[in-house]
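Have a look at the structure below before the remarks.
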Amino acid sequence: MTNEPSIAPTEVPPASGPSAPAASPSGPESRRARGEYYLGRITGTAGSNVIDSLQDMAPELGHWIVDFAYGDVFAGTAISLRTRELATVSALTALGNAQPQLKVHIEGALNVGCQPEEIIEVILQMAVYAGFPSALNGIGAAREVFAGRGIAMPRRAPGAA
Amino acid sequence: MTNEPSIAPTEVPPASGPSAPAASPSGPESRRARGEYYLGRITGTAGSNVIDSLQDMAPELGHWIVDFAYGDVFAGTAISLRTRELATVSALTALGNAQPQLKVHIEGALNVGCQPEEIIEVILQMAVYAGFPSALNGIGAAREVFAGRGIAMPRRAPGAA
Amino acid sequence: MTNEPSIAPTEVPPASGPSAPAASPSGPESRRARGEYYLGRITGTAGSNVIDSLQDMAPELGHWIVDFAYGDVFAGTAISLRTRELATVSALTALGNAQPQLKVHIEGALNVGCQPEEIIEVILQMAVYAGFPSALNGIGAAREVFAGRGIAMPRRAPGAA
Amino acid sequence: MTNEPSIAPTEVPPASGPSAPAASPSGPESRRARGEYYLGRITGTAGSNVIDSLQDMAPELGHWIVDFAYGDVFAGTAISLRTRELATVSALTALGNAQPQLKVHIEGALNVGCQPEEIIEVILQMAVYAGFPSALNGIGAAREVFAGRGIAMPRRAPGAA
Amino acid sequence: MTNEPSIAPTEVPPASGPSAPAASPSGPESRRARGEYYLGRITGTAGSNVIDSLQDMAPELGHWIVDFAYGDVFAGTAISLRTRELATVSALTALGNAQPQLKVHIEGALNVGCQPEEIIEVILQMAVYAGFPSALNGIGAAREVFAGRGIAMPRRAPGAA
Amino acid sequence: MTNEPSIAPTEVPPASGPSAPAASPSGPESRRARGEYYLGRITGTAGSNVIDSLQDMAPELGHWIVDFAYGDVFAGTAISLRTRELATVSALTALGNAQPQLKVHIEGALNVGCQPEEIIEVILQMAVYAGFPSALNGIGAAREVFAGRGIAMPRRAPGAA
């Protein structure tokens, strides 16, 4: 009998709201539209708040986030949004010097359908690859996000010792 | 019409070879057995070569890798091995100071059924979160691994600009 | 006449409290017992508070801290606990992204018998190897810990310019 | 019966060669003399080779290494040279991006009387605080240094599992 | 017609206050005098406040900052103080783990005559080389500094998209 | 008499070759044209070689480098190309985990008119902000680049001790 992990839940397309614009055109209107779609899909209103807050100091950084980070990079279709967000949570946990952005992407992972247990497990994996402090501080970030969303943590799955 | 990414391919249980030992018992024999299973499943023979090479200098580090990293941490069942390896590839790409281990886990991602395009895409995501040098050097690591395995890279999926 | 540094003070075994369990058995009860011993010896009650706080989100991380970090890694006998803690303080100062854990281990260094001057000196060494910001921020962490413990800092030893 | 680690071996003053100049004077001749003493004491001839190699490009960096790093920072007497070198080895292992300097200080630790087992143990400690890749790469650096010095590694002390 | 960037404004020597002491003598009085000059020129009173705050815990770190960091390293004349401060702002933004010092040097850049737009632009450059989180957090640091100085940000120069 | 650093040499517009395309249009043809201009201006042929080498594995990363990194980010006109490259050299030196890219930008700094002494001085500044290993390894990268270009290093300017 195998106890290999079961397949993670299927990603459910958004029940409401716009669909993603066509990925391939690279003109400014398409990149902007696609970027705004993914920014909202992943970060809810938090992302546009960040963009707005940049208007005084560095509006171009806001454009680059929408057009490049979310418009170009998120256009790739080889991985799901869930995998993309779990990858970002892992990396930001490992780096340990970007806690505001880590929280944004823990929220993002939840927004695109990741389960809290999945998020916790990629953070814990970082205990091996970046050390226990990075994992502890990542769990701290997740705790804040989960509390803010009223997520009550159940006991972990039986695979945990 | 939506162009949200399709679901990543289903993870196929190993066609041959041993199944994972039961996850929950935490005694030394179980941790060792589980760790050796996952070490082999993910790293092929590369992992056990590393463990063997540690026998002279630091055998306990070898034990910790098998028992803790692969025995305890990999026992979690909330995420698939594919997600786990993509998370690790992302983090090691972002850190940029562990290229030997990054190559091991690019191999590992392939070994557990990730597609080359999936691996490339999580590496590219790191251009946003850790900078272009980290992504360039991660692609360099992937190039070495893919060449060693005779993987000919097709043109990327149309979602890429 | 030489002014090579004198030998650091002898480590004094704990005046009271339990002795460390035998190091070698690797079964779960032994690892747990040894880990709990060292967790308490080094972190006082702070460590068990951290473990308790993990019960909701990630109890397995708490187990790994006790069993692996303190049970397995601290079982090595080639270095004293004082050296071990000074090494950890140095590394966390250099990394600069784990200030909560740095404070825990500055406390830990004091708990196992390090002098405040020893702690300060390994932190200052990091000005050379990781830069002045890391050393300044490490001194800031030490200041908080020393103040909380009522440690009044004397003038530094004459070897300081 | 306790199995707390025994006290690390006493640091033995150099059997031959110059003694350290008086620590306190801060004039250029004193800093230079003290720095050259410690540079040689710790790095053998490797350090002066580095200083010489800087003459073409950046002679002032060579001066700063001798006068500041070894003249000023190493003048502190609260910790022994052994502790200082073990702290540096730990930090450079954790940082993972300074392997040439890590090897210099593994050599340095041996030169000032650290045992190979002590060096290995502080490197292994970094598996907890900076992740397994940092410890693996640190062991790799130590392996090169030990081989170059003909150090045959015995089995580790019984505290190791 | 070219739109290559125009030359950045000329650095204006201080209208009042002392001139820099002669650079070359390396005796303690000269290093101290030169260091105190540059510390004040760059950090205003913030730097001497930091030095004062170190008197209890680590006065030698204060000496090293004045004598070495500002006395020796800033004595180089191949680059202007403006370039030096912009380089430091870039590096501290990229490192992402030294926000207090980043703010000191954003202030420092303004103090030596950098325009706010120059500071913002080197921070934004770090989105490419260290990732968007580092640039976002650097802009956050700049926002605090600019607000504290009553700097109202105009719209960015037309080269920005 | 002041010995404040003199103003760095004026940046001379390219004597031949294309001028930079107009900065403001953000359409794909303009971004591409501007990016290719700056890629060549800064990296010579090295940059286009990197882009070509990405065609098999990750052509989109090549597009992002040209269009975003060099097309969008380099379009800012508040700083000169010389300042931009010195900032990048500083940051990559401090990070210490991107030596291939550091060499590209040391070359780039020379290509846009920086003097070797300016490059060395920003690298040396990193001894203060990121530690001596980062500066040593940065000087090593510069040595390789300068040797490859037949740059014979003169003695440093008198401001150096």
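Here the chain labels run A, B, C, D, E and F in written order, and each chain numbers its own residues starting at 1.
Criterion: a residue touches a chain if its C-beta (ideal position, glycine included) is under 8 Å from a C-beta of that chain, and two chains touch if they have at least 3 such contacts.
Here the structure is a predicted model, which means the values were calculated and not measured.
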{"item": "Superposition rotation for subunit B onto subunit F, Cα-based, multiple of 5°", "value": "120"}
{"item": "Label of the chain whose CA centroid is most distant from the centroid of subunit D", "value": "A"}
{"item": "Chain pair showing more contacts of the two, A-E and B-E", "value": "A-E"}
{"item": "Between subunit A and subunit D, centroid-to-centroid distance (C-alpha), Å", "value": "42"}
{"item": "Approximate Å spacing (C-alpha centroids) for the pair subunit A, subunit B", "value": "20"}
{"item": "CA centroid of subunit D to CA centroid of subunit E, Å", "value": "32"}
{"item": "Computed distance of Cα centres, subunit C from subunit A, in Å", "value": "34"}
{"item": "Numbers and ranges of subunit E residues touching at least 2 other chains", "value": "26, 60, 64, 68-69, 72-73, 76, 92, 94-98, 101, 120, 124, 126-134, 156, 160-161"}
{"item": "Chain contact graph, described as a line, ring, star, complete graph or other shape", "value": "complete"}
{"item": "Residue ranges of subunit E touching subunit C (in the complex, touch as defined)", "value": "50, 54, 56-61, 63-65, 69, 92, 95-98, 100-101"}
{"item": "Residues of subunit E that touch subunit F when the two form their complex", "value": "1-8, 10-11, 13, 19-24, 26, 68-69, 72-73, 75-81, 83-84, 86-95, 98, 101, 115, 117-118, 120-122, 124-130, 156-161"}
{"item": "Subunit A - residues contacting subunit C, complex", "value": "95-97, 120, 123-124, 127, 131-137, 139, 142-143, 146, 153, 155-156, 160-161"}
{"item": "In the complex with subunit E, residue positions of subunit D that touch it", "value": "26-28, 60, 64, 68, 72-73, 76"}
{"item": "In the complex with subunit C, residue positions of subunit F that touch it", "value": "94, 126-134"}
